[in-house]
Amino acid sequence: MNGAVESISIFEQWWQNIQPGIQANTLNFWENLYKEIYMNIIQGDRWLQYLKGLGVTLEVSFFAILVGLALGTILAILRLPQVQGISCKGKGFWANLGAIVVRALSKFAGFYINLMRGTPLLLQVLIINFGIFGTVRIDKVIIGVIACGLNSAAYVAEIVRGGIMSVEKGQTEAGRSLGLSSLRTMIYIILPQAAKSALPSMCNEFISLIKETSILSYIALTELTKAGDYIRSRTFSAFTPYIVSGLLYLSVVLTLTWLIGKLERRLRNSDH
Amino acid sequence: MKKFLAMILAMAMMLGCTAALADETIIVATNPEYPPFEYVEGDAIVGYDVDMFDAIAKKAGFEYEFLPMDFDAVVNAVATNPNTVGLSGISITDERKLSVNFSLPYVNAGLVVIAKTGSGFTTVDDLKGKIIGVQLGTTSDFKAEEITGMENVAQYKTFLNAVMELQGNKIDAVIIDEPVGLAILASLNDPTLEILDIEILADWYGIAINKDNAELQQKIDDAITELQNEGYFDQLAQKYFGGGEEAAE
Amino acid sequence: MTTDTIISVKGLEKHFDEGKLKALRGVTTDIKRGEVVVVIGPSGSGKSTFLRCLNLLEVPNKGTVTVEGVDITNPRVNINKHREKMGMVFQHFNLFPHMTILKNMTLAPMKLLKKSKAEAEEKAMTLLRRVGLADRSNAYPSQLSGGQKQRIAIVRALCMEPQVMLFDEPTSALDPEMVGEVLDVMKQLAMEGMTMIVVTHEMGFAREVADRVIFMDEGHIIEEGTPAEIFENPQQQRTQDFLRKVLV
């Protein structure tokens, strides 16, 4: 009652109880399990580090998805057959020049997609960090967003292109015959329908992206995998921190899957 | 529920099995990206630790083979496999002693701080709040965390990456084992990097040995004692550090 | 009927597959304001291609299409402006499945004619009442029958207040019992004086509504004239053969 006696939690109590067993190396299975849980989650409020790592993973993933969607959609449009072969013959110098630029961009988009899909994300991350941003001191989160976003864009481009191609040609014709420009037809008529048919593949891509951000631990960004690595380097547990990180990834992915499933049902109800 | 129990059982058996495996060949877990202690030359892993361990094995009379891995995996590998030892310039720390035993200490490498020339850092206090690069799970990592706080330590997979980030001025300093730092600086030959005159108290290196393998520990310790008496460590220090280092007594 | 020419087609040629397939081999004709022209002919005769060249959904390889004095095959012409004045109805309706009927009808007027939402919707509702579908304004296309879809497609085009309506086999994809309701809307439109060019197999409609019937085969206009001339007294052998087959 003199204040020196602090009330200790039940977790601390159990930890004290298994101390003799740790010294003598005589823990049974359940005691060992508790030792792992205590050391890797409870001790030193380590669970907070997983949550912080999770926060970074979500932050990077969210913005990388936005970058990937925006850039990927542009790449997809550049790769459409009617854009690849665009011609403005006889429409004047500027229109011709524009067509030449668009055709060049289309070629570049194809090259870019092959390059990004043909090399490992890890290499891209390392090159962007140690090469392109080799002497620029910016937040690693930004580097992560750029690297993962640029990579994802290549995959998104192919998904969106597939989605656009799956929309019947008659839809474009109907839009154009009303007098809508090709851009407006794309925005108001084709893309909304393409998005719907691309949604399942897109969901897959988002899931991959979230998990692939784990590669950013290589550039010392403390995201969820790195948080597990860090705790493991402090507690020397063989795999417990990875299981905690893994469960957190799983919960994020399952939540995302559920949300997209809901969105898909809503889209289905609204038309077909 | 039955399935769950079966899975638990299977896992427990897996853990048990590894303990029961008693083979004569010792697996040496190492992170060979750590010159001059262990590094790859051609196809072979070479270095201070490698020479020493070969001498130990000859004295103690066992076979061994190397298993390269990330440094942060070495201690875990030892903790879970009785016939695995960790030979990777591992500092003997209380935290690690919770998971593994250590041989007699064999060398004190010492830590140094690398920074850009003209950084103006002269004491450990100057490093407070600065971004310090290290290799994850090394003594440098632990020391850096004490000095500048967890959120300011940038942990890389290798020391080389940390030094390269320093070259690009993306971090403020690198804390690193002295021989490793010297070796990296020598190969980079970058005049904008320098070793600061700041002393950071370091720990002795030891070979990590599984807690259940007291027999192996005895063999290794005996061999180290013998080698010390023969003056072997002085030769080794001469070969790899050109003298200067504090070898085991 | 006035003698004012609204569309003038000269020497129109269209090739597909890098010239291997010649869909149109020099078509020349004038369409007058208020005229209802029905184009008939066997499949593959080029009649749909001809229609699609009129609003440049197919870009002709040779020849000109002059609409109200402007040659729209000139690349410098803003084709979108001309398409606003030329409504088109497709065989497969091509309603936008992700929009309600009302949105289908108001999208283009709001974007292109700068109509307010209220204005565009008022116009759309008026047209929907005319075709008896006002109660379906908030439905989605998938909830409608084929005949209803095609009536919507017609009034969607009318929302842009076009001067010409192009119909590309508007009843070919319909169940027989739904053909009538679509043809009724077209007849009404014809009576109101709309300039119409209709590609169809409905010979009854051609006979009853057309001012002029064009018979096409193998990319040429073989014969043209009033329904009476074409149906009662065809001059060309190929026209006679075709009519014999479709009028049994």
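We just call them A, B and C in the order they show up, numbering each chain from 1.
Following the convention adopted for this analysis, contacts are C-beta pairs under 8 Å (C-beta built on N, C-alpha and C of every residue); 3 or more make two chains touch, one makes a residue touch a chain.
From a predicted model like this one, the values you see are computed outputs, not experimental measurements.
Participant: With chain centres set to the mean of the C-alpha atoms, which chain is at the far end from chain C?
Facilitator: B
Participant: If you average the C-alpha positions per chain, which one ends up nearest the average over all of them?
Facilitator: The chain sitting closest to the overall C-alpha centre is A.
Participant: Centre to centre, by mean C-alpha position, how many angstrom separate chain A and chain C?
Facilitator: Using C-alpha averages as centres, the distance is 48 Å.
Participant: Measure off the straight-line distance from the CA centroid of chain B to the CA centroid of chain C, and report it in whole Å.
Facilitator: Centre separation, chain B to chain C: 81 Å.
Participant: Express in whole angstrom the distance between the two chain centres, defined as the mean CA positions of chain A and chain B.
Facilitator: 34
Participant: For chain B, which residues count as touching chain A in their complex?
Facilitator: The contact residues of chain B facing chain A are 8, 12, 72, 75-76, 79-80, 95-96, 98-100, 133, 136-137, 141, 154-157, 161-162, 164-165, 167-170, 211-212.
Participant: Flag every residue of chain A that touches chain C in the complex, lowest number first.
Facilitator: 88-92, 95, 168, 170-171, 173-181, 184, 188-189, 192-193, 196, 270-272
Participant: For chain A, which residues count as touching chain B in their complex?
Facilitator: It is residues 22, 25, 29, 130, 133-137, 217-220, 222, 226, 229-230, 232-238 of chain A that touch chain B.
Participant: Which residues of chain C touch chain A once you look at their complex with the stated criterion?
Facilitator: 55, 57, 74-76, 80-84, 86-88, 90, 92, 94-98, 107-108, 111-112, 140-142, 153, 156-157, 160, 166
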